[in-house]
Amino acid sequence: MRTAVLKFPGTTCEEDVVKALRLVKAEAEVVKFNSFDPDRYQGVVIPGGFSFGDYLRAGTIAANSEAMKGVREMADQGKLVLGICNGFQILVESGILKGALLPNLKLRFITKWTYVRVSRKDTPFTRGIKDVLLMPIAHAEGRYYLEDEEEARELAVFQYSNPSGLVVEEVNPNGSVQNVAGIANQAGNVIGLMPHPERASFSKLTPDGSTDGLEILRVFGK
Amino acid sequence: MMLTLSSKEMELVRSTLDREPNEAEWKVVDALWSEHCSYKSSKTFLRSLPTTGQGVIMSVEDWQDAGAVDVGDGWALVLKVESHNHPSAVDPYNGAATGVGGILRDIISKGARPIALLDMIRVGGLDAKGKWLLKNIIAGIASYGNSVGVPVVGGELSFDPTYTDNPLVDVACVGVVKASEIVPSVVRTPGLKLVLVGFTGLDGIGGASFASRKLSGMDEIGAVQIADPFAGKILIDATLEVRGKVEAMKDLGGGGLAVAVTEMANGLGARVQLERVPLRVKGMSPEEIIISETQERMLFAVKSENVQEVCRAFEDYNYPCEVIGEIVSEPRITFTYEGKVVVDLPSQLLLSPPLFVWPMNRKVRTEEVKEVSVREALSTILLHPDLGNKEWAYSQFDYEVGVSTLVKPGQADSAVIELPNGRQIAVKGDANQDLCEVDAYECGKAIVAEAFRNLASVGARGIAAVDHLQFGDPRKPEVYQDFVDSIRGISEAAKFFSVPIVGGKVSFHNEDKNGNPIKPTPLIVMAGLVEGKYLKPRVEEGWLVLLGITRNE
Amino acid sequence: MYAVELIIVNKDGVRDPEGETIKRFVIEEQYSGIIGEVKAGKYVRFLVEAKSKDEAESLVKRIAEEKRLFNPIVHKIIVRSERVEDGSP
Amino acid sequence: MYAVELIIVNKDGVRDPEGETIKRFVIEEQYSGIIGEVKAGKYVRFLVEAKSKDEAESLVKRIAEEKRLFNPIVHKIIVRSERVEDGSP
């Protein structure tokens, strides 16, 4: 699948994502935010980083860009949209995904390997994949919030869990409602998540040699 | 006007010029002759360090911004260490963050892509002030490193009352570049255009001399610099995009344009039209423009035909890029403002400050060893915050970005990262203030050996190191003696292990508010290549084997 | 010219860890009973050319909404202004 | 009861990259000429039991200093207050 990896000023993970996408044979390329043409791609990934320095609030300034209008178009057309970390924040800030991402309860940046339970398998990204994935988070503003907790649970695709997939409060790294680590839109073609699948795609970099991130990225190789 | 020049130095300037310099000229001389930029009290001894060796591509000899060594397949590893001690004492968050920004710019100045950062932090203790310092220092490093996407892969956290007023914030960076694509810091031919990127503001006016002075506790607002990691990220990305079109580059650090232009011209001359400098605030005086130390700026020497292309990359990010002058053959540094000459000084004068060797005197050390019970010794050691779990600190760093951190913080004595050519390097920074306080010479040797051992513990052999020498006021004979002794130690050990010292930095005037020097704190950052497979950080089971003789030390 | 302040705070009911932390560490030891709620937020100050206070404030409100300077799901905003001569607060 | 606002911004003359970035990338295209300077900072609101406005404000000032809620080397603070009944802003 022709996939754009969108780079805003301040994006830091674009090359890492491309490297991982190549492993699943996706036709991926980095595209700068001011030269993004949504019609040329079937999929788009908004990688992690600190777009526009995350000034004011993570993702806000990028959410205002022309490029995000293009992403919205793709989302509306049912094309695949994946936002990782800052990408998730941008999707939420632009209103393409519902909710908000607030500062971690501990009020600091946290890097940590986390287990997440895959709670929705009705999305193109999660169809038929494992139940529990191991991926690292690295963020300061990842506390997912939605007033209606029931709705949050329905949207949730990934929830922080223990290694056997139990969603328990003790493993919630940032205080998100319902341990939400990632959500999708109703249709399932737009996903945002705080953990980094691209960092869980190379066995030499993971604590146990797993490559769970590839499970999510694989859809771009189709 | 606040100058750090001594009356003897001022006399020397007057007699060389055969006239009284104007105020702007004094400031330019002051910046270039500051300890920070000129190494006038240390150069004589730094020359004794082993700076060449197998694999060294660029070393101190070339007087470049950072050193480089061969890591195979045409790739070079670029290495540099620096501190931001005084700024961090007054504004730990911005002080530490701008330290990271500065060290990153040193690496990109060579055309290298920064791939890892290390931070070595020393504060007084865990009282209210120490906590405030530590919390903000770590947050500052995290904010900058994370924002620009360079993983902080290791470092040190150490506590000692000697740092209560004067914390040490050392940051080191490694980068990679094809050896054939290293960009020099100095020019060789006249005619090149000088291109400045980034806005110039009022920040940090007087910073180079600030670092070369003790902390007065007075209003140091002028020397406070605010970090702008977002601008730093743009600078890194755009600079690496254009590196092939640039003949020489330098970051703007201590002493601002005055120092960058003079050092880049390196004996040739330069003419700069100050009215062309893009300003952040209106109404800056020509002098202020010359010595402003605003962060996130770079100076490039570019062939006329490449200027447009270079600037386009920055304009893409809405980042200012302007031709401000050119390199000329007449060896004079000239700054003009709207046609009026502001500064006109011979390059040679600026580049040759008088060197000093200060008097030395060895401290009288008490040989007596205190008797302590095993119990007391053990509990003192085990309860010392130095041995505490550092996860609180390193979990604030994005050490996974770049998908190349193989051995991560907290897993082993050194970090291991993968290079673009598939080889692996290990890096580690080490200092030992307690030993240095007792015997600076032995300590110099010990820290090199410790760094070498730390690398060995993950299966790597040291290939290059940089040192950072942090002391009190060099005019104090005991301080200066320690300084000289530690260099002798470092030098001897580096030769013994065949690890060339490819760069470093000196920081004097680290003192508490009563004017007592900090414990001598030389620091070594060493990089090594992993031979074969890197060693697993932890094993599940097996024998514990202790090598070497245990002495009563 | 008007100096318009935009204050962005969490809605009531949304946790405000920063306010909570300030309250907990900063106050309770010494000032409990004196200091009640503590709420933290973001402050942005705009210098606006406008004919009236109203015009200045509604411009900033519009910008805040259009550019999503706040996220209506979690934040509420307070907008205030005062007339200034040279813009220094 | 008094609602005391503590606003922490960079001192004049000290850079404010956050405000600059908001201005450059969010405001400028559409509103240049209308919006001048943009300055960003922190906002903390305390509910304080005090006998007078003065007492309330000086208490918050003292807390801000003692507890290092700002760094006097880089920041300046603005403290304001108003009398409130129930504390809702």
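Note that the chains are named A, B, C and D in the order they appear, and that numbering of residues resets to 1 at the start of each chain.
The definition used in the following text is that contacts are C-beta pairs under 8 Å (C-beta built on N, C-alpha and C of every residue); 3 or more make two chains touch, one makes a residue touch a chain.
These numbers come from a predicted model, not from an experiment.
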item	value
Mutual neighbours - chains that touch chain A and chain D alike	B, C
Computed distance of Cα centres, chain C from chain A, in Å	30
Cα-centroid distance, chain B relative to chain C, in whole angstrom	40
Geometric centre distance via CA averages, chain D-chain B, whole Å	35
Geometric centre distance via CA averages, chain D-chain C, whole Å	8
Sites on chain A at which at least two other chains make contact	52-53, 55-56, 64
Per-residue multi-chain contacts in chain C, two or more chains	42, 44, 67, 69
Two or more partner chains touched - positions in chain B	228, 230-231
Chains grouped in pairs wherever the two touch, ordered by label	A-B, A-C, A-D, B-D, C-D
Residues of chain A that touch chain C when the two form their complex	56-57, 60, 63-64, 92-95, 98-100, 102-107, 145-147, 175
Complex interface listing, chain B residues touching chain A	139, 142-143, 146-149, 228-231, 233-234, 237, 316-317, 394-406, 418
Chain D contact footprint on chain B (complex, rising order)	90-91, 93-94, 132, 201-203, 220-221, 224, 226-228, 230-231, 280, 318
Chain D residues within the chain A interface of the complex	17-18, 21-22, 25-26, 40
In the complex with chain B, residue positions of chain D that touch it	10-11, 13-17, 20-21, 24-25, 68, 71, 73-74
